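Written out below as structure tokens is the structure these notes cover.
Here the chain labels run A, B and C in written order, and each chain numbers its own residues starting at 1.
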Amino acid sequence: MIEFKNVNKWFDKLHVLNDINLKIPKGEVLVICGPSGSGKSTLIRCINRLEKIQQGQIIVNDTPVHDKSTNLTKLRAEIGFVFQQFHLYPHMTVLQNVMLAPVNVKKIAKTKAEKIALEKLEQVGLTEKSGAYPAQLSGGQQQRVAIARGLVMSPEIMLFDEPTSALDPEMIGEVLDVMVNLVSEGMTMCVVTHEMGFAKKVADRVLFMDEGKIVETGTPGEFFDNPQTDRASEFISKILTH
Amino acid sequence: MLVDFNFRVILEYLPLFLTGLRSTFFIAIVSIALALITGIIACSCRISGIKFIKYPAIAYIEIVRSTPLLVQIYFLYFGLPTLGLKIPEIQTGILALMLNSGAYMAEIIRAGINSVDEGQIEAGISSGLNYVQRMRLIILPQALGVTIPPLLGQNIVLVKDSALLSLISVMELTRCGQTMTSERFMPTEAFLTVAFFYMCIYFCLKALADWSQRKLIFREAY
Amino acid sequence: MISFYFGRLMEIFPFFLKGLWMTSKIGFISLVTCTLIGFILGIFRSSDSTILKRMVGVYVAFVRGTPFVVQIFIVFFILPEWGVQLEAFSAALLAMAIMGSAFICEIVAGGINSIPKGQWEAATSAGLNRIQQLRLVIIPQAMKVILPPLVGQYVLLIKDTSVVSVIGIMELTRVGWVTVVRIPEGLMVFTLVGFLYFIISYPLILLSNYLEKKMAV
């Protein structure tokens, strides 16, 4: 479903993605972790071309993402993206936030789009907040709206860039619950996170990155209990003691 | 000092001041409307990325911002006739105010657009919105809220700037003070009255600007 | 025709340089005095004393609420009525100081108010007195916020020196005005005047932009 072939990317001199080769099959839940600055966010931001790559290829559903002829609108409609800082549109209500893409990108009639949007809001448990503005919601609620906004285009892939890092501890659970439900529906997901509980519970595979390279991959059980590299075990002990 | 402040003379000149006030209002409103249009056009050109309209827009904005308004007024007042264009002083003045404030407004609008968080644009991109849709649906509505308070601030500046038109003998508020001074030689009464009227306009516009500051700015609350 | 006037314009070019010198002189003295007074007033304005705050507030409102040209007339015509004799040059400097310091005061107060309360509390807990708190803790941090708009204000002040031409100071704008009576080439004369202003103010605009970018990081 998603494939990285010898992908390289530099920010000026910094080699942020160093020869990445990766295959993510349909329905897989992949958790990506690693120290800050290891390139994990960049990795998933390349999948819907929020970032450009300098070498190699990324293929999503047989479409080369970084090809000039690629229909980006169509591609991005198939990929939902959830940001660390939510990035809800502050001037629109919750419902308008969710409806925006169906109405303007897919050109669905407003009434129909509203119906779909309300379904998605129900899925994240926020139907009653549909008329509220983002500023009136808690961080956890905002992030759930952001997930609904990602889901509304019926994507086959959902990308999450540290979805719980900006949240107060007591709100992390509600967001993770929504994500766990998505997993049970068979969604293909890439999640950049340090939430070990989430990884152990639902991830098919954990990928550990450092300095732009994939250092280690394995099942959550293998990775957390028996890491193969020193860097990975050092990292795990740090997030455990913190 | 203020003991022999002569209210009787002020009363006598009040009709003149009111005409001046009306003229100042007229000049300000027309200039603000024209400056806003100029500003929107100049800003669009500047951020367009098309070289042959971008650079003229930058040149216009930077030249206006680095020369005094009074010089711009004189440039048009003494310059237009040499080109064979003879237009009334008041129109010259409005033209100068429009060109001057237009450049500042262009920069205010540009700052408003730039103030929209990068993440907002990325969210729009991720949803598959194209450039025009992102501008129309996400960036401009948010930029508007950020832009209105400083635009109102620029309007305050413009009203005060219109006083300089008295120097090319446009009969507005400040000119009335000069007239009264030369006829009666009572500068205290004349200019304090003028100042009083400007203060009234200032407080009204300031209240409006402060109110818009509180009301209109959307914040992405984390 | 044009070339004839251009030649004459070049003949009197030294006259323009004199105007430029006068503009620079008024500009420079004003910047220094306005900055000094502006900082003092700005500290008053951001102080806890309600009376000080109000007094400075009234002063600032008066200056911001009236056109500079009206302020010049008030200083130049009204002070003599009240027995204060001023020659044009001093009147111009006084008017500039009154106007400029009010604007700088607002910038400084804004900068000081932008510093979180915790910094004051930390400095108080460390046993520093009020002046030490300002000098060692608050102002150094506030400078980041103050500096870019301050330099922007300098540009405005230099441009505003053109208005003192109304009381007969022979600065750049006045020189242009006097010249245009003798050489009826308004475009040429005021392009030259504008260009000379551009030389002074554009570097400052660039500096202000640069500071804004640098301080934002």
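One rule holds in what follows: a contact is a pair of C-beta atoms (placed from the backbone, for glycine too) under 8 Å apart; a residue touches a chain by one contact, two chains touch by 3 or more.
Just so you know, these numbers come straight off a predicted model, no measurement behind them.
In summary, no chain was found to touch both chain A and chain B.
The most distant chain from chain B is A, comparing centres defined as mean Cα coordinates. Among the chains, the centre nearest to the mean of all shown protein C-alpha atoms is found for B. The geometric centre of chain A is 47 Å away from that of chain B, both derived from CA atoms.
Separating the centre of chain B from that of chain C, both taken as means of CA atoms, is a distance of 19 Å. Chain geometry summary: the mean Cα position of chain A and that of chain C are 52 Å apart.
Looking at the complex, you find that chain B touches chain A at residues 117, 119-120, 122-123, 125-130, 133, 137-138, 141-142, 145, 218-222.
Those residues of chain B that touch chain C in the complex are listed here as 1, 62-63, 65-72, 74-75, 77-83, 156, 160-164, 166-167, 174, 177-178, 181, 187-188, 191-192, 194-195, 198-199, 202-203, 206.
Looking at the complex, you find that chain C touches chain B at residues 61-62, 64-71, 73-74, 77-78, 81-82, 155, 159-163, 165-166, 172-173, 176-177, 180, 184-187, 189-191, 193-194, 197-198, 201-202, 205. Residues of chain A that touch chain B in their complex: 48, 50, 72-74, 76-77, 79-81, 83, 85-91, 100-101, 104-105, 134-135, 139, 142, 149-150, 153, 166.
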